[in-house]
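The structure that follows is given in the form of structure tokens.
Every chain is named by a letter (A, B, C and D) in the order it is written, and numbering of its residues begins at 1.
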Amino acid sequence: MLIQLNPTGVLDLLSQLEVDLLEQSSTSERYRLFRNCVLAVLNVGSHTDVSNDIYDKHKDFDIRLVSRERGIKIELENPPQTAFVDGHIVTGIHEHIFSVIRDILFICQKYEKNLQETKAITHMVFDMLRNADALKVNSEPNMIVCWGGHSINEVEYKYTKQVGYELGLRGLNICTGCGPGAMKGPMKGATIGHAKQRITNNRYLGLTEPSIIAAEPPNPIVNELVILPDIEKRLEAFVRTAHAIIIFPGGAGTAEELLYLLGILLHPENDKQCLPVILTGPKHSKAYFEELCKFIQMTLGDAALSKFEVIIDDPQLVSQKLKSAMSGVREYRKSQGDAYYFNWTLKIENDFQQPFYPTHEAMASLDLHLDQPKQQLAANLRRAFSGIVAGNVKEEGLNAIKEHGPYVLSGEPDLMKAMDKLLQAFVEQGRMKLPGSKYIPCYTIKA
Amino acid sequence: MLIQLNPTGVLDLLSQLEVDLLEQSSTSERYRLFRNCVLAVLNVGSHTDVSNDIYDKHKDFDIRLVSRERGIKIELENPPQTAFVDGHIVTGIHEHIFSVIRDILFICQKYEKNLQETKAITHMVFDMLRNADALKVNSEPNMIVCWGGHSINEVEYKYTKQVGYELGLRGLNICTGCGPGAMKGPMKGATIGHAKQRITNNRYLGLTEPSIIAAEPPNPIVNELVILPDIEKRLEAFVRTAHAIIIFPGGAGTAEELLYLLGILLHPENDKQCLPVILTGPKHSKAYFEELCKFIQMTLGDAALSKFEVIIDDPQLVSQKLKSAMSGVREYRKSQGDAYYFNWTLKIENDFQQPFYPTHEAMASLDLHLDQPKQQLAANLRRAFSGIVAGNVKEEGLNAIKEHGPYVLSGEPDLMKAMDKLLQAFVEQGRMKLPGSKYIPCYTIKA
Amino acid sequence: MLIQLNPTGVLDLLSQLEVDLLEQSSTSERYRLFRNCVLAVLNVGSHTDVSNDIYDKHKDFDIRLVSRERGIKIELENPPQTAFVDGHIVTGIHEHIFSVIRDILFICQKYEKNLQETKAITHMVFDMLRNADALKVNSEPNMIVCWGGHSINEVEYKYTKQVGYELGLRGLNICTGCGPGAMKGPMKGATIGHAKQRITNNRYLGLTEPSIIAAEPPNPIVNELVILPDIEKRLEAFVRTAHAIIIFPGGAGTAEELLYLLGILLHPENDKQCLPVILTGPKHSKAYFEELCKFIQMTLGDAALSKFEVIIDDPQLVSQKLKSAMSGVREYRKSQGDAYYFNWTLKIENDFQQPFYPTHEAMASLDLHLDQPKQQLAANLRRAFSGIVAGNVKEEGLNAIKEHGPYVLSGEPDLMKAMDKLLQAFVEQGRMKLPGSKYIPCYTIKA
Amino acid sequence: MLIQLNPTGVLDLLSQLEVDLLEQSSTSERYRLFRNCVLAVLNVGSHTDVSNDIYDKHKDFDIRLVSRERGIKIELENPPQTAFVDGHIVTGIHEHIFSVIRDILFICQKYEKNLQETKAITHMVFDMLRNADALKVNSEPNMIVCWGGHSINEVEYKYTKQVGYELGLRGLNICTGCGPGAMKGPMKGATIGHAKQRITNNRYLGLTEPSIIAAEPPNPIVNELVILPDIEKRLEAFVRTAHAIIIFPGGAGTAEELLYLLGILLHPENDKQCLPVILTGPKHSKAYFEELCKFIQMTLGDAALSKFEVIIDDPQLVSQKLKSAMSGVREYRKSQGDAYYFNWTLKIENDFQQPFYPTHEAMASLDLHLDQPKQQLAANLRRAFSGIVAGNVKEEGLNAIKEHGPYVLSGEPDLMKAMDKLLQAFVEQGRMKLPGSKYIPCYTIKA
């Protein structure tokens, strides 16, 4: 089956020189990246989160940019049918394809080589968001980043929708990692809230990365999609774009996000930052959050606990708190001469910016002891969970596990015990993977 | 509690002369109408559909138009709290208040006296819709009128949402009577479908009337609200605006709508009309529709059955059929030189336009025999069900029942038996009233 | 030649009932009005201002509303070619035709009978402007009414353009009687000024009336055209819409406007009104304004002189003064709780609102003596000049003069002498009629 | 005097890293360029076209980008007052400043080094226009490039306005080099034409270069300003953006443009190109065009004459011809699969793309003989006139002349004689420089 898409958006104005950059060739890594991202975007509603399975299932899928009268067309060969309604591609998905092209072209034309310097990395994150028109100059603080699991149960999912609805009623926007579960619910809820308030410039910002996009394809409600090159840039984009952060129940990825966030907020220079963080879920999630808090307290201490609030089963309260916190965010930014659309003054150490490649060796040599500076410990724990996410759903991780068996994590026995317990809970609650298969851990804990 | 609303929309440009028309005075029937409609609009999410109870509960509610610097303000005294989020009125509801003012002022300035002539009545319906900006000149046929009960069960409600979602994905708009249940579900579903398709000029058209608005308050998603003066004008507005009609399970009101529709479609001059009608519901509604069809067949004959299609448990099929029917509607209108936005050529007899006042006398003297022209029988059956709706939820009807006891309906024994059976089924399935109270029939059937 | 125009604007949504109102029939006065106004609008750029000549020249012109597929079309038979560019009607003129239809339909549906009451007349002026969407709720005071002759010389015309340019640079809008000369120049100038300031919601409001529209056809730059039923409603529309008034050199019509304005501003209740008035022209107009001031002083006294300012040859100063006066206008309106878009609090006596029909009898019996209240004298002088305008260019006046010879004006000798002198000056300066013909006075002065 | 400008447009979203690029420092050539371009833009309406004089006159002018709360502000020290109305900068000029910043930043971030390859140079021109949002994807062919002198007489100026007016009435847009004279007149005229046709997306595209911008500052009507790095890129931008070209009377610059154009159109690969060219002026320009044609015929032959048409004193005919030519342009582009917004298929040899630096040496060694391929001769003649423009008004040229005396041009005697004659005519007709000073030739012709 062959589908042609019209050149809307960024494709309108590509020169042949640029089209050539995305040309297929057996050796082109860039083409593979491009093809896989587009496939992921088309594959929304997928029932598996194993990147490799998706790629395998759609081996006969192909994409080509074709020069046609008055512009470039996209040709899709054998695209997944989930992206189509009666033979027409869903507009939201059509737009996502162009986001993929836009971001890949931008990186390969401007950021081919790896950046090392803190300032340069931050500028790149800014540059990518600006190029994607995701920085809105004249809007007030209203962007709520929602983190949480892609695999959550029905009760939790409904709860994320209710929170989204209440946020939407209060004119707040939603930013997530843009997969299913806790990344989709708040957007759906907010859509109804915004409709009732006649808000038409509503924003559903999705921040993703090539290695996760297949496992967590962006929901078509996402009306601004940005594909950052790796998880570290993506996390930086999240926290610099956020005016507040909600964390719903989730698994290893959510733990990674929370650890990254706390690691940064614990930095002395961020002491006065105004960035409200709320952990919330339905009644039955209470135990989950208690478990998580215990782990945080043991590893990062009480100071870390003071950086967020836990609210159980009260979507309205969560929304009211965040809504009324926005004026504080506004005042803080103003007092610092900082932009509302990008938190320049948030201090992020180079340690949190450098990509972590979860090879077996890198995982094995992570320094997981309690007697190190809290920030450094947070960074290392973040890397550990990041590796587990890769082992669970990312292509590179899956391949590594296939070849070498599970990652081995070792360190201070107490810490390893706590970690094991937390991960065990994630497994038991079905947070590691989408339902439908038995989860085989991609790690072993060695005290 | 006193709330002041800013003068947006129609209020921006009222002259003092016009404001005076809505002024409170103990004797003013117009003021009472105005106040009650605004109260109804504010009372969204109400858990009762007994108009009188609502008015009783909010006796201390009052509304005033106040001249203030640069325009008229609305003052609300003791408004229902459901309309507010953190002290701010929901924008959708704010707009609905202005729709009420717009339509009441329009009628009292231009249509004070009752119209008799068919042509004049149709022009008035057109004029009201035009004044409300509800006639969109440049849009293609895409308005799906959805009828069905305000009191339906959870499975049916979810089904109406799914149908709405599939319609929305196909770029179709929704028009309903704008209360809860089957009038709200399709709009919520369509909102998500429209969001995925990036449709921003989506229309959720609500057509209501002063005597039902309290029992079925418009959902804030309704982004175009028109208050027609009575059920007959409202029904005409529905069928002339519709490009297709879906009928979900419902009670007496839904039966009234179906009978009105069939009465009109059976008119020989409407033989070639292109107005697709689909009755649909989830699996468990199958018996309900079979019952209804039997009643239609017995009363209006096989010809009536040929005017619609029944589809069980297939939201996608319903939407696909209607979507592909739109080109036929377009062609038909074009071939007749008729507008897309208003079905001028649909023949509606004066009999269907004249208001029916369901006094006990009028109800008792309805001619309910099978041996009369089908169209006339449809008109009379329509009136019978209309009276029952009034007796169930409308103020005038409730008062009449309170005073004189249930309506007495009599006629040909076979017909009366069939009617009794149908109504009994409505009662048993909880379709007569919102859950929470035992339903006491407002009628007795005398063969 | 037959031209068909597509149904844009108001015609989109006419019902057959309404189309019938504008149908041709030998006896229909309304049709004649409609036809003549459309002819006038098409005849822009005409080199004569004698209404009758225009009507005579285009006897074979005809207009019909024709029902066509999906709406009403306009058919023009033998329209003047000035309205077309390469066979396509100029869009601005196309819009003006719809303004004509809109306003004539509005009047005949809502204001068929003459209004007597002051309040009702003011409401009607408001209602017509509102219906024409000429009242902008959210804009700040910025509407400068420009009066002045339709027949002015090249130097004066260039001056009006310069003033318009400077007003446009300051974000001010223009309202005129919308013919040639001083009514066109400011708009052309402002167009360039607005372009440089990137102002896109610029307003060029033209207020006209059926009896003058042929002599002074609206320039296509006019982007809001309203046809008021008579000169009295038109003058009221001018002064209630104005945030300031500029008077350029002109003839009898300009004198009428000035006398009307002063008559109103001299009313004690208007003492605190903030409505800046500037008389201005190029160097060579100095004598003209001195003459005019002398006449005003003699008739209405020094108080009248204090109501305006004369500025010679300084477009920038005129504009700066008016621009900085706008905040005063704003404050005044605010302090009175009055709208910015319509000066409700300006007191206009019924005397100034009642139509004056310049029959020979009415003209002869005008009370033109100095010993009457200033306001009353202003009203009578206004009527005298109004009659002369009619005798010069309006159909009814031209016909009356043709039949009965010149009007005879009589009164107090000193006053008549002053009037004669002023009129004589208008004649000599070529302000009575467009150049190209010798002016034969339509009046005689009898002391 | 210190003026602060708010950060609208591109400045909204600059990072500190980018601001640093435009920072003042005694050694920064980029800063000097930036400052001078901004000064030029502010200096609109200047009465001199000697770049050096302008820079000298405004030695105390300075510009700084300052980090302020929520964005970058521009600080102007002692800016020319012509850019301000009552202390507020004209919005059009405000925008031009941002165009300067946008284009300088774009070049220094992406095109620091000189490009050599034909394909790369063309892509850069495309990239700059795209970045300036000057390529409109969905518009039909309608861009008329107007070339002609910055110093023309009143009759010629009025004529360019009339042509612009007629183009505007036909919905055509204007692109010029954006200085005074023939570069301003068509835009002013078109503004009125567009207003009458209610065209609001009208385009007044100005293409300039840093070395000419001071001598020919962009008129504020220009609503899209692009600063190309040199005259060769600018000429390429003109011809690839044009759907047709009008050449009004002008001097050396106009001759340069015509020679460039003919040199390209004479290329065999451009044989089938559809690019209408009309030379036009008022009656009294007839001799001028005859002179020019003689020179073209002598140098480039009859083939060159066939590439354009001369129309004297008929603005309407010029416009009608170009309007009706647009469908041919459309068909041609379509048949080639080429874009409407950028003429990719026009062949431009590298010879015409490489910058020519008019040193005395380069000028002296130009190969000016008739016996060389026409295209090559055109390229060399283009360079000769380009050098004269530089010597007349560009800073580098003026300095060179100051130091070394006039350029010496030599070559085949007949050719040199013809050239001398043509230049002499330009001098006599006052086309070399703005009026107000005696023109001292910057060249001597040596046969």
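Rule of thumb we're sticking to: contacts are C-beta pairs under 8 Å (C-beta built on N, C-alpha and C of every residue); 3 or more make two chains touch, one makes a residue touch a chain.
The chain lineup, named per UniProt: A, B, C, D = AMP nucleosidase.
The structure presented is a predicted model; accordingly, all values stated were derived computationally and were not measured.
**Q** With one step meaning two chains touch, work out the least steps from chain B (AMP nucleosidase) to chain D (AMP nucleosidase).
**A** Minimal hop count between chain B (AMP nucleosidase) and chain D (AMP nucleosidase): 2.
**Q** Find the geometric centre of each of chain A (AMP nucleosidase) and chain B (AMP nucleosidase) from their Cα atoms only, then give the gap between the two centres in Å, rounded to an integer.
**A** 45
**Q** Could you tell me the distance, in whole angstrom, between the mean C-alpha positions of chain B (AMP nucleosidase) and chain C (AMP nucleosidase)?
**A** Roughly 48 Å separates the two chain centres.
**Q** Need the CA-centroid distance for the pair chain A (AMP nucleosidase) / chain C (AMP nucleosidase), whole Å please.
**A** Roughly 64 Å, centre to centre.
**Q** Of all the residues in chain C (AMP nucleosidase), which ones touch at least 2 other chains?
**A** Not one residue of chain C (AMP nucleosidase) touches more than one other chain, so the list is empty.
**Q** Return all touching chain pairs.
**A** Every pair of chains meeting the touch criterion: A-B, A-D, B-C, C-D.
**Q** Would you tell me which residues of chain B (AMP nucleosidase) are touching chain A (AMP nucleosidase) in their complex?
**A** Contact set of chain B (AMP nucleosidase) toward chain A (AMP nucleosidase): 85-86, 90-92, 95, 169-170, 188, 191-192, 195-200, 220-221, 223, 320, 323.
**Q** In the complex formed with chain C (AMP nucleosidase), which residues of chain B (AMP nucleosidase) make contact?
**A** For chain B (AMP nucleosidase) paired with chain C (AMP nucleosidase), touching residues are 12-13, 15-17, 67-71, 110, 119-120, 123, 126-127, 130, 135, 137, 333-334, 337-341.
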